[in-house]
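The same subunit A turns up in both complexes below, where it pairs with subunit B and then with subunit C.
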Partner chain A sequence: MGIIDVNHLSKQYFIAKRQEGMWGAVRSLFHREYITKTAVEDVSFSIEAGEMVGYIGPNGAGKSTTIKMLTGILVPSAGDVTVGGLVPYRERQKNARQIGVVFGQRSQLWWDLPTIESFELLKQVYAISDQQYRKNMDTFTEILRLDEFYQTPVRQLSLGQRMRADIAASLLHDPAILFLDEPTIGLDVVAKERMRTFIQEMNQERGITVILTTHDMADIERLCKRMILIDQGRVMYDGGLSKIRDRFGKSRILIVDLEKDTQLQVQGAELIRSEGNRKWLRFNREEITAAQLIQQVSIQADIQDLSLEEPEIDSIIRQMYEEGLSVG
Partner chain B sequence: MRQLRLYLEFSRKAFQRSAAYRFDAWTRLFSNVIFLFMWGFIWFALYSGKGDVEGVSFESMLSYIVVSQMLQGVHGAGTPLWEIQERVRTGDIAMEMMRPYDYPTRSLFSDFGNIAFHFLTAVLPLYVVLFALFDLQIPTSMSQWILFLLSAVLGYLIRYSVELTFGLLTFWLMETGGVEDIFYFSISLFSGSVIPLWFFPDWLETLAYFLPFQGIFFVPNSIFVGQLTGQALIEAMLMQGIWLVVSYVILRWVWSRAALKIVVQGG
Partner chain C sequence: MSFSSWVRGTRLYFHMVAASIRAQMQYRYGFFMNILGWAMSYAGTAVTMWVMLYSFQSLEGWSFWQLIFLFALAVLSWGVCVIFFFHFRSLDQYILNGTFDRFLVRPIHPFFHFMAMKFDVGAFGQLLFSIAAVTLAYIQLGLDWPFWKWGVFTSAVIGGTLIQGGILVLISAIAFWTTRSERFYWVVMFPAKSMMNYPLSLYPRAIQWVVTFILPFAFVNYLPALLLLDKPHPSFSSYWGAFSFAVGLVFFSICYQIWMMGLNRYKSAGS
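Showing the complex of A and B:
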């Protein structure tokens, strides 16, 4: 029994088919056809108190749907969920007191209120004592520099500021469990790093159990020992990060801007994309170094600019399919 | 008790928020006055050349329209149907569902805040002037005032329950506008907001009597202009009480079903 237990969890969405024309509209009053979309399929996992787990997968994998079921917003189509011993959708309000939630794509703060007033409202909503409120606000303000925008209405905050405000808001009532759905989406490098530092501190110092969804590998590498990888609603992998990285994280992509469009002939790398003067070369860093590759290219053409890319989670998953392997 | 403090905090915040959108209040009031004059002239035309109609003088009728328009001005500051639809459409309903409070209650208390602001800054001053300017009928005793106020509050709560119930049907009928049309049609006809029930043909009056809508405007309006007194008044208010209980129970039931059915858009 973990603090979060998920057993054979599934969720289907029923999307009403639009009927064409007038007759269709009349007919749809009596009979509707639905398209069934399975967003989460037979997912099981268990998370211990104090863990920080990356729930990771490409867009549309079913991450948000899972989080919504854990928070009690959505009712599962099949399977069981317990969070801190509660069934979230049955005891929604009680569950709300033990969890904090951040949806990266949507603010939980009140749009027209100055940021600080949103916090004060939450103080009332969760019946937070003056002492606890002051203590948390002091800590969060110091790390997240909330004081820079206390008086600014939420709708006027930059994305980075809004995320800082949102994550602070989610922790005001000292929840035992924190759900973060894409907490770094759209943030610049500095803001991402600040966010990651904060999340790590909350997990380590306060022992808050964290589930973090993302499609950014860097988030996971920085924060999580364990990751649950899902794709098309199914769990593909659940375990340590290092194994995945060793197995699939060896490929790198070199992007070069050439002086003029040239047919490149390179060994130990694969040309995966070409757009005019810009070329994408995928290579395995155990077979060839970036320096060797660059040298090969520079013999054939003048390089104007270049950059190296780590594999995105999407490409790791694609690779898992291509190589027909599952780890773990 | 702690819960009440929490909900009142939402009233307070809504009040402040209204203050930030003062302009809205004034435009709403402007259209409210336009409608007041429109209905005033229509009834003036209908009464021309006649004395009493169905035992009601033009003066009473005009007072009825004015007080009705005043109450509608108050009601206009809270729009639970529109709000729930908007929250479902945008997916913001998720934010309400993950809080340790009850959405229908918190939404009601937010509306109290909006109403208080709108009433104090716009509706009350305007209607005090109107009642003073035109020689209209107002309650003649303290008890009539109190009964009117009580009845108006009951009416508001009935409308809130019925309107939110209709709004929640959005959970089942995501893309049909039909549900709200039924609501708006019913409330404009059966509530007595513009045509008092006493002018209805008998069969329609009987029908209206058995619907919750007449408790929204017709009963408090009639008490205000002195058309509803004695035994009939007590019965009407009792009926309001019953309708409030019934519509509230239905609201709770629909809400508990809707909360399980909910599909959150986006994110």
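Showing the complex of A and C:
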């Protein structure tokens, strides 16, 4: 048995058709029409204590719904879920003590107050002892440099600062499990890296089990040995990252800015987009190297600037559909 | 719930309330204008009453100072209610932008947590106005209440707070089903409150019944005022005014239950 066990978990939403205006709102109190939408369908997985797992999929795949069921916010329609031996929706408050949650786009902190005050309030909310509070604050301050903005109201923090504060706040009560919903979304490269380092450190040094949802493949590559890929509510893949990347992650996109707009004739690559002087070329790295491709281009035109793009999770999933799902 | 969890809950409430006050004081200008604004707007209503009474002498057998008393009693309990419950009307905002979920990932009761999120200091304006107005009316009317009448008065303030708070809780609960609540406040609560500034006997019988037996606004100020000012009513016993606290308690707990039903529905449906 793992620290998190999910068995045949499903969640259906009944979405009311919206009716317009004040009268519509009143009428919808008495009579509503519903559409059933399956957000999560027959999902099963087990996560061991100390694991760091990437839970990924495109928008609307059911990631957030699963996280909400694991944190006790939502009650499942069918199936079982246990977190640290508890059924989250039945023992929500008890479960809340053993988990930390960060929703990347929504702060959990007190918006109008100096950042430090949110920490002090959370100390009260979770009944954290003085000793434990001081110990954690010292550690987090040192790694995340929280002292740079202790006195700044949360609403005035930059996104990077806010995320640092948010993740520190989620760990203040020493949770065994940490849920991170898009922890690096919108951050710049430096802030992303700092975030990843911190997550890794917490996992290695404190043995915290981490489940993170993300759009950014680099997060997964850097942090997770295992990933669970879901799409349209179903698990499509559960396993190591290397396997899926070897199979589907071969394509790369080279973006070049040319001196002037030129019709490119390249072999082993496909021109997928063109905007003025900027060209997008997709190639398979097993058939041609980036260096060979750049060489081909530079013969035909002067290159001002170039960059390489890794395939995004959406395109990997698209490819999985096209080429069949037999990865496991 | 054990005694120690009550103590912890109370301590936590005060911590969060203090934080909310500090948050409102971040905007110093707004902080004072809010208080002043509320006091001024109620004083404005009182002036309107004076102008009206100046030409009519009395309204439904109520003199100017009796009317002021009736009005100020409603404002007093509304002031207390605003402090604790006014932010409930905007629960829909929390649900729509997803911040309501934070109340569900913490180890405390979500109703309590949401209630403690704001302690509206703007209401001090209402309290300031209403205490001054009640005092003036008491002197002008030459009242000299026995002990039990002070009990009725206190019960009216606490009961009135619970009744109006209950309605705000009820309005906010609508958001769990429809993701809207603020507009219901302006459609239901706001007109009902303006209506309660005047003697209930002015209004049609049907309305009098609704605000007595369904949404018990009458127990906020009208019925207690009848008893406290020794005024008769054609069909209601004047002793009904003594039951504000009990009515408030029952009404509030019904509204709270409905709120918790809404929360359960939110947990099974999401937003």
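In the analysis below, the second predicted complex is superposed on the first by the 314 of 328 C-alpha atoms of A that agree within 3 Å, B and C clash if a C-alpha of one lies under 4 Å from a C-alpha of the other, contacts with A are read in each partner's own complex, and residues count from 1 in each chain.
Here is the rule we go by: a residue touches a chain if its C-beta (ideal position, glycine included) is under 8 Å from a C-beta of that chain, and two chains touch if they have at least 3 such contacts.
Quick caveat, the model's predicted, so the values are computed rather than measured.
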With the two structures overlaid on subunit A, would subunit B and subunit C clash, or do they fit side by side? clash
Between subunit B (first) and subunit C (second), which, if any, makes contact with A:181: first, second, both or neither? first
One more residue to check, A:125. First (subunit B), second (subunit C), both or neither? both
Of the two partner chains, subunit B (first) and subunit C (second), which one does A:112 touch, if any: first, second, both, or neither? both
Touch check for A:238: first (subunit B), second (subunit C), both, or neither? neither
Quick check for you: in the superposed arrangement, does A:101 touch first (subunit B), second (subunit C), both or neither? both
Residue by residue on subunit A, keep only those touching subunit B in one complex and subunit C in the other, then list them. 13, 68, 71-75, 89, 92-94, 96-97, 99, 101, 103, 105-106, 108, 110, 112-113, 117, 121, 124-127
Residues of subunit A touching subunit B in the complex: 13, 16, 18, 64, 68, 71-75, 89, 92-94, 96-97, 99, 101, 103-106, 108, 110, 112-113, 117, 121, 124-127, 181
Show me the residue ranges of subunit B that touch subunit A in the complex, using the header's touch definition. 2, 5-6, 9-10, 13, 16-17, 20-21, 91-92, 94-95, 97-102, 174-175, 259-264, 266-267
So, in the complex, the side of subunit C touching subunit A is made of residues 8, 11-12, 15-16, 19, 22-24, 26-27, 97-99, 101-102, 104-109, 174, 177-178, 180, 183-184, 187, 267-270
For the complex, which residues does subunit A have touching subunit C? 13-14, 22, 25, 28-29, 65, 68, 71-75, 89, 92-94, 96-97, 99, 101, 103, 105-106, 108, 110-113, 117, 120-121, 124-127, 153
